[in-house]
Amino acid sequence: MKRRSLAAMVAATTVTVMGLAACGQAGQDDAAGDGPTTVTMWTHSAGNPAELAVYQQIISDFNASQDDYEVAEESFPQGAYNDAIVAAAASGDLPCLLDMDGPIVPNWAWAKYIQPLGISSEITDSLLPTAVGTYKDEIYSAGYWDAALSVFARRSVLEKNDIRIPTVDQPWSVEEFTAALETLKAAGYDTPLDIGAEDTGEWWSYAYSPMLQSAGGDLIDRDTMLSADGRLNGPGAVAFFTWFQDAFARGLTSNSGTIGNQEFNDDEVALSYTGVWNALESLQTVGDDLLILPPPDFGQGPRIGGGSWQWGISTGCSEAQAAGARAYLEFSFKDEYLVAFSDGQVVIPATESALGASKYFAEDGDLRPFVELSQELALARPATPAYPVISSTFEKAAKDIMNGADVQSTLDGAVSEIDTNIQSNDGYGF
Amino acid sequence: MAAPAVVLLVLFLVVPVLLAFVLSFTNARLISPNPPRFVGLENFVRAFTSDPVFLRSVLNTFLFAVVVVPVQAGFGLLLAVLVNQRLRGVTWFRVVYFVPVVTSIVVVSILWKFMYQPDGLINSFIDTVTFGAWQGQAWLNDPDTALGAIIVLSIWQAVGFHMLIWLSGLQTIPEELYEAARMDGATPWQQFTHVTWPGLRSTTVFVLVTITIAALGLFVQIDVMTQGGPVNSTSTIVYHAVRKGYREQETGYGAAISLIFFVLVLVIALVQRALTREKDS
Amino acid sequence: MATVTAPTAAPARRAAEPSERRLRRRRRTWSYLAMSALAVFFLFPLVFMVVSSLKPDSQILSDTDSWRAFLPVGDISLQNYADVFDRVPVGRFMLNSVIVTTAIVVLGLFVNSLCGFALSRLRWRGRGLVLSVVIATLIVPFETIAVPMVYWVSKLPTLVFENGVPKYDFGWLNTYQVQIVPFIANAFSIFLFTQYFSTIPRSLDEAARIDGAGWFTIYRRIVVPLAGPAFATVAILTFLPAWNSYLWPLMTVQQESLRPVMVGMQYFFQLNTAWGEIMAYTSMITVPVLVVFLAFQRAFVSSVAASGVKG
């Protein structure tokens, strides 16, 4: 009985698998033929039902609006998205339309994953500068929104401790900020600032490289894009990272806790350096007491990061598909959709007109301060194909410094790692 | 009859390894418009002369293996001896000790990361048993404790499997030998050293080899919990190879690190084999 | 199979020695204490997982510093489970994992046992070479060859059906087979089968040879029926990594409808991690494995034991 069942199971399994494999592949290569041209589209939004719902709305509206093209969407969880794209590119299976995180755009443009966007300049001109991705002065991507970071605080807590409430024009100096943290620590907050260091990945460059720029350093020399020397390990960078290390060592902030803004909402920390996406929940818990403040000025004026998810067109699509992709994108930059994304995801819409119509970011919206922060302080990450390696190196160096490594030698090591990489890629085309 | 398995092994293990071998002598990139160039031994020279993180990763990997191999083997044997007794409900305990093995290592790593936090379960437990004398320790943030924390979790997860292997060895030892030893008045410890241990020789070899191979390949726990930090204190060879070759897109260099890793493991496996052979004869 | 056998004639003799009986009883008490303490040590993270899956995120976080973390107290509900279904196509992922895992286990048992049979019982040219290649491949961690593998499988030929007509095409990405075929042959399984088969007396096949049986008949009629424990062991050991596979499907399967359960984990790591839902999802994907294991634990435990790994 045993042997027969084994043989039968093997046979049955083989047949099933082959059948399913066939099903799995059916319907993939039906771009040619009669009827509308299929335009494949990948998003990073799996697991985010609200965002997906807006995309599905746009797609069904677009598909219904004309007969030439049919957009077919596939969504991926964010954490796995870049891996999927890279694997697809390696095997020549890129979708036609794809979204990507802003700073990766130059890398993918350089690698010829994506082609120049080529949609109406009327649209791209109307967008926030940080919502448009460029490489070598050519536009490769455009997004519906941008995010922004700020320091969350409670008015009552600052007033009780005699701490000045800063503005974009008169931000806290770093000395003032440090003194405020010391005061708050003395007032009973164990680690007064939640700086978000428990997170990993791109967050580190997004959140902390603007502070580095505010101190006069940078991730790379943006004039040549060929070396990080003198920028990532110069006096400004050393000053910032010394402050950074010191803040952890003295318990002014920590890297424990959980990702998100729970500690602030529970009043376990007094200040929280976090994103607009957490603002709604805090607004609900804290109410009118909530302050949305600019980050401190490390010497050259405060800065926050800019550049969020944007859309591009891959090199993997045919002429007809690319035309369809452009038609879809031009169709999709409508205020109603931008507002829908903004209201659903709590992010800043990328056009002035959508801004006025949005629930949270209009003139009288509860989260209006983020618009000012984004417009006045946002700086995009350097537009170079070297960015992935810069970001990974920066994250590692910053974490090592946080954990007590020597500042100057760690930064020197990071610089040499980045410069070696750039050289071995023949300057990435610069 | 070996053909199907051999063909599959060649297709899906040997070919990729050979591909890695070829790649390791080039500057191939995961993403690049430029074709890869043959660079000779440059990647290998770089690993040993100008990549301190690689050298640290080698050290960490061996440190991990040196602790995990004997501790996990010994702990597994202890568990096996305990559950080899003829006691009511002993099967239930066997199952319980095996439960972490059947749980995904990704899930396990996430759970333990949670528990290792300064205000997490581990600290509050120590705080309770020391009556408040304990200061919260950020286990995974301190270069002195991070690798230790990962060692504990790794042993916790895998020891049940080796308990079962030991158990299989224990059950092949004939009961008459124990009877005879007891007749001679041997204490339980003497029974263990004179009957049990010699009877487990072949099992010992198997357990040691499998733990060593698994320990040297440490990756998932690092990837989920520390990403090699703090200050490289938990970076391992495999983790470093993936970080360089995949995340930082230097496929050629990552392949070179993998190749060095294969050679190291092969050498260790051969040494282990030679040592255990000698004992047998 | 050598499970726990009843004590032999010993009790009658021991009954006459009260002091030894007391000693035995004391030892038994200590054994139970030690085993129970260890049981707590092995179970507490899983209890934490299941209990947390019933709580809202904020409570999970605030409970971690006390024993409340292990108790279903406070705001208990199945809300997280409901939310998981909104976020992830759980049923589809489960089905995919079941298909992939079953195929790997069943095909793996067949292919690897055949290879083990050839290695342990037949004398053929190249046998030594194959055996050493098999053993050498034990040391290759999958992560280190993942990148060349993706490139490789994307170039392999495959059979596709276009409007019902079969034809050849290239590229295995986005299929079930890419999740299955590379993992069928397994050096560790071959090794276990080889070891186990060599304990089955050769005199049996010689008798069969005299009766005119071919090697495949000997495999089917003699070796397989006697090797139940080895099959059970290999089945468990290939089931676990197949069910838990993560990196590979992430890199090779783009279509959502083909993804397995572990990839679903990523759906919860959005800007802010949904801890309660992660706990609920991990409970959901772990519990079936535990149930299968519990149902078969007697066979599992005794089969690993009986396969008597001999180095």
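Going in written order, the chains are labelled A, B and C, and every chain counts its residues from 1.
To be clear about the criterion, a residue touches a chain if its C-beta (ideal position, glycine included) is under 8 Å from a C-beta of that chain, and two chains touch if they have at least 3 such contacts.
Since we're looking at a predicted model, the values are computed, not measured.
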- [ ] Look at the interfaces A-B and B-C and say which one is made up of more C-beta pairs in contact.
- [x] B-C
TODO: Using mean Cα positions as chain centres, tell me which chain lies farthest from chain B.
DONE: A
Open item on the list: Taking the mean of the C-alpha atoms as each chain's centre, how many Å separate chain A from chain B?
Closed with: 36
Open item on the list: I'd like the Å distance between the centres of chain B and chain C, where a centre is the mean of that chain's Cα atoms.
Closed with: 17
TODO: Hunt down the residues of chain C that sit against at least two other chains at once, touch-wise.
DONE: 151
Task: Contacts with 2+ other chains: residues of chain B - done: 30, 117, 119
Task: Per-residue multi-chain contacts in chain A, two or more chains - done: 90
Task: Residues of chain B touching chain C in the complex - done: 1-2, 4-9, 11-17, 19-20, 23, 30, 79, 82-83, 85-87, 90-91, 93-108, 110-112, 114-115, 117, 119-121, 123-124, 156, 160, 164-165, 167-169, 171-172, 175, 179, 202-206, 209, 213, 216-217, 219, 238, 241-242, 245-246, 251, 254-255, 258, 261-262, 265-266, 269, 276
Task: Contacting residues of chain C [partner chain B, same complex] - done: 2, 4, 6-8, 10, 28, 31-32, 34-35, 38-39, 41-46, 48-49, 64-66, 69, 111-112, 114-115, 117-119, 122, 130, 133-141, 143-149, 151-152, 181-185, 187, 190, 215-216, 219, 240, 243-244, 246, 262, 265, 278, 282, 285-286, 289-290, 293-294, 297-298, 300-301, 304-311
Task: Footprint of chain C on chain A - complex, ascending - done: 2-3, 6-7, 9-10, 13-14, 16-18, 20-22, 24-26, 28-29, 42, 46-49, 74-80, 83-84, 87-88, 90-93, 258-262, 265-266, 275, 277-278
Task: For the chain B and chain A complex, residues of the former touching the latter - done: 27, 29-34, 52, 117-119, 138, 141-143, 227-232, 243, 247-250
Open item on the list: So in the complex, the part of chain A that touches chain B is made up of which residues?
Closed with: 86, 89-90, 107-108, 110-113, 200, 254-257, 388-389, 392-393, 396, 399-400, 402-405, 413, 421, 424-426
